[in-house]
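For reference, the structures are reproduced in the following blocks.
Shared between the two complexes below is chain A, which pairs with chain B and chain C, respectively.
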Partner chain A sequence: MAQDNLNRDQATARIRAAVTQDLLSGRISLLLGWQKGLFWWRSRPLFARSQQDLERLVWDSFCAVNLSRYLPEELSIEERVGILVKGCDARAFHRLLQDRMLDRERVLLYGLPCPGMLDYRLLAEAGVKEAEQMLEEGEELVIQTGGGEERRPRTDFLLEKCRLCSHPDPVVYDQLLLPPGEPRMDPASRFQDLEARERPTPAERYAYWSGELQRCLSCYACRQVCPACSCRECFAEQQEPRWLGKGAGLNENMLFHIIRVYHGAGRCIECGECQRACPVGIPLLELSRRLAKDIEELYGPYEAGMDPEAPPPLLTYRPEDPAAFPEK
Partner chain B sequence: MIRYIQESRLEELFRILSRRGPLYLPLAEGPSLSFRPWSEGAPVDLKTVNSTVSAKEIFLPREEAYFCYRRAGRELALEPLEQEAANAVAFGLRACDLRGLEMLDRVFKDQDPPDGLYLRRREQTAIVALACAEPAPYCFCSLFGIDPARAGGADLQAWWHGEGLCLKALTAAGEELLSSAGELLHEGPAGAEEPPRVETGNFGLKLEGLPAGLRERFDDPVWEELYRSCLGCGACTYICPTCYCFDLEDFGHQEKGERYRCWDSCMFREFTLMAGGHNPRPTRKERVRNRFLHKLQYYPERYGEIACTGCGRCLRSCPVDLNIVQVIRALGGESR
Partner chain C sequence: MSEALKGKGADNGGTAAGVGGSRSSGSGNGAWQPLIVAFCCNWCSYAGGDLAGTSRLSYPANVRVIRVTCSSRVNPLHVMRAFQRGADGVLIAGCHPGDCHYTSGNYHARRRFSIFARLLEHAGLEPERFQVRWISSSEGDRFAEVMQEMTETIKALGPNERWVDPRWLKIT
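On to the complex of A and B.
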């Protein structure tokens, strides 16, 4: 993504300059951003309270963590929080706002148009082991392998959540720190890949999802990372009444995931953090997107997290809403 | 004596070994890799280091039933469950998996009385260790004195050589496995008497001062910073080879059901939630601290060894990159 011809270091410097000013002046007391993780292909959340902390700030191709998830808790401690938002962080912010999980006035949003984050697994498959073997040149990755140099489109290496992202530019911000990017896909056609992979009969769907969900560990990473999961006490851990056994059998796994995804129907912002967080790689984003697609077919075009004034279809009632179960 | 089998004939070996009982192998499940009972055509992956979920689940399964209960009127009958077939084989465990088992042994096996379910699985399972040809970027087992090519406590050591596996029996049970394979195995190639030495990196960590120095650091401000990014999921605990906490539950109703145990995680709020609503570990801060102090202080104080094998699973799988290397560094365990 051509970003004003800024490379990532320059972009990071520009971001750092903007937020440093606000942190030092006391306009914000905490900045949520990213810092380098243990590996070059990882960036982890940064909770910056000082100029010294901000020296660790980075904006690179691995800032995948959706930071908005941290806002409700941080706002219970901090007076005014600044946060760097990509497209998905911004929609997550709207999700939380609409769910009355935070106070708009106490958050300062710094918008960052997102070029999409890279998936190390795909890079490793292409033979990239060290950071030096991979150079980003605009829309291309230059990869050094034993055999020489290879140029591949950057989009070949995006995390699935980024490959499927229909709004990489933040939909809400107080200040846009980098120039807007080009849209990667038309939101209206965002379910095309699902149509190509339709499983027409309930038996096929059951077989497919049984296969995927039987390996679920019940670690609840998908729930913990989700900006739409806002129950104070999840049904999965409620003791009285007990809805769900603690075992890791297919029955429990399926019940958990069905309820989780139905709670998100029409509210899920399709950020794909559930799938990225899943340690055993269950394609949870597809599950959520299937429901989002159903919602659109039943209630008309709707993208969650775009407009905080547009209530989710299942939280409103219109006389013309379909009343019957669709025959499928 | 070293025996050798062509990679292309491994399927035949698995067929033979699985006649004895369940044969656990690292099987691909989507992008994930877990030890599962092998069946014909299963997607075996003996190259990837390490399995996504540790091999502990062969011996401490995600869930496991103790007994069934049946009630008729005032009569309550307990029925033991049918035992799984004996003579299991666990194939493809790495040296760090074996070290993890040592840690679990101290908790479940070397106790009086020992844990019956664990003991049975442990005693009935022959272990084939597989040397790591090349460590993953996440691996740091050398820090804990583990040689990735030589596993302690296995019955058979295997290592890749050319287009196949060298096999060396370490115990009588290992010899028996080899003889059961009969003519599938050939004499090992010359010059392959030992698996090649392999060493991992250690992320510049040092372990001096652990666990002794941690006693005074329970209220250290470092915990205040460390827990912040933690999401409070249980991924790290469930993939970890040395996490062994479990919970007991009943499944069923008044007349009939079963009592089982299943993995539990100290990262969950209700892990320490008491009747009446008190929770001694009320926030993620206490829970994160507990998880890492268990590894670095409580377990070593009790059993004499840090409860980490350097397998790197928490480095790979934590969605927010919070892992034991970061924690040891934050506690000052970094050589400069």
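On to the complex of A and C.
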């Protein structure tokens, strides 16, 4: 990949130089980026207002958080916001733009072609517990285990959302800070893995999803991070009518997730933030992707967040549309 | 919603009890009877139901009709709520494509509920339990037929167990 000419420290330095200039000159009043979190395998959002803040900026293999989700709130207090965008952040930006949650003129997008972010769970399974045990060399990870050194391709450790990503390069930006990468996944074949995971009978599907969803804590993190969840009042907290109670029960958990996924139908950019944010590891992305696949089958190819002018499939129709139920 | 759930058209006495009552083995003649909630659009399908009634056509009393302004008025949450509170099948009926009183409501409904039907299928519901049909105001016979057919399909499937909220089943 072209960006390997720069290592991560050099890339971070280049990003920092570009944004420092704009922040100091007053072109932007806030920069949304990433900084190291409590753990080495976590990079959390950085809200930088000064040069001092920018010293904490990082661009490493754990910058998975989709920053665009923070834009609507920040724009309500800031004049002009700069934001670092990967492929999924850029599509989320389009999503929010299309939902009229943002003012394009007040956002400055710095594009970062994304090499894919790493999943700590997979690293831990391979025996990596500390940052020192893992060294990135281009497309390979050098892993120190008790027995010695092991070289594994970086792609083995990507987050699921990154493994399936068909647009790692930002689809919209004002300035591209790093050289573009190569596409990893052809958009037309992005659902192939779902066929392999097909569960043939309703009973099997119900057993699978009730098993997964009964772990749900109703923390609503999946909704909080979702760039397609834009209701001012979520049905989950609506009082009149009250759709969900306060207790956690399987039927209410399933109701919440079914409706949450449905609200994103045709609008979900498949960024997989729901799944990454889930504290109990429910494979939430799968349901959204199955729905996206159905929409493509019935109403033609559509990738949300690619073109803000293209209407989402469930907000439009054609008289000759097919239906998933018998019409006569 | 309870008022609308009283049902209309066909003879409503005896066989099926109120919401959730379909499950209690003690009601009526003792045999399990399915409960089907049918959301009917005011302009076509509900009028079709009226025609079935005035034409003296009979259809099973298991069907409870809820009149909505348009098939696209139905919120998927309404469908989920029906299942939670003991419905064994849910039907949405609207005008035939092209005949919508609001020009495009049923076109939107067609896309929405095609996708929603697929979603319920992915989550493990038997596809027969959630149906969408187009019934015009002149199709009283079709209305009776659709209700008959749906009732038979659900009877064959047995009681719905997905997403049922046990708190509601106590109410008989």
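Here is the rule we go by: the second predicted complex is superposed on the first by the 320 of 328 C-alpha atoms of A that agree within 3 Å, B and C clash if a C-alpha of one lies under 4 Å from a C-alpha of the other, contacts with A are read in each partner's own complex, and residues count from 1 in each chain.
We adopt the following convention: a residue touches a chain if its C-beta (ideal position, glycine included) is under 8 Å from a C-beta of that chain, and two chains touch if they have at least 3 such contacts.
The shown structure was predicted, so the numbers you read here are calculated from the model rather than taken from an experiment.
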For this session: Go through the superposed model and pick first if A:C88 touches only chain B, second if only chain C, both, or neither.
Result: neither
For this session: Figure out whether A:G249 sits in contact with chain B (first) or chain C (second), or with both, or with neither.
Result: both
For this session: Examine A:R69 and indicate which partner it touches, taking first as chain B and second as chain C; both and neither are also allowed.
Result: first
For this session: Mind working out whether A:M134 is in touch with chain B, chain C, both or neither, as first, second, both or neither?
Result: neither
Exercise. If you stack the two complexes on chain A, which partner ends up touching A:R44: first (chain B), second (chain C), both, or neither?
Worked result: first
Exercise. Of the two partner chains, chain B (first) and chain C (second), which one does A:L177 touch, if any: first, second, both, or neither?
Worked result: neither
Exercise. Which partner does A:V261 reach: the first (chain B), the second (chain C), both, or neither?
Worked result: second
Exercise. Of the two partner chains, chain B (first) and chain C (second), which one does A:A203 touch, if any: first, second, both, or neither?
Worked result: second
Exercise. Of the partners chain B and chain C, which touch A:P319 in the superposed model: first, second, both, neither?
Worked result: second
Exercise. Across the two complexes, what residues of chain A are contacted by chain B and by chain C?
Worked result: 249
Problem set entry | For the chain B and chain A complex, residues of the former touching the latter | 29-32, 34, 52-53, 62-63, 137, 203, 225, 228-229, 231-235, 237-239, 247, 249, 251, 260, 262-265, 268-270, 273, 315, 317, 319-323, 325-326
For this session: Can you check the complex and tell me which residues of chain A touch chain B?
Result: 37-39, 42-45, 47, 65, 69-70, 121, 129, 212, 215, 217-221, 223-225, 237, 239, 245-249, 273, 276-277, 279-283
Problem set entry | chain C-facing residues of chain A, complex | 202-210, 235, 243, 249, 251-252, 254-255, 258-259, 261-262, 265-266, 287, 290-291, 294-295, 298-299, 313-314, 317-319, 321-327
For this session: Show which residues of chain C lie in contact with chain A when the two form their complex.
Result: 76-77, 80-81, 84, 97-98, 104, 107-108, 110-127, 131-134, 162-165
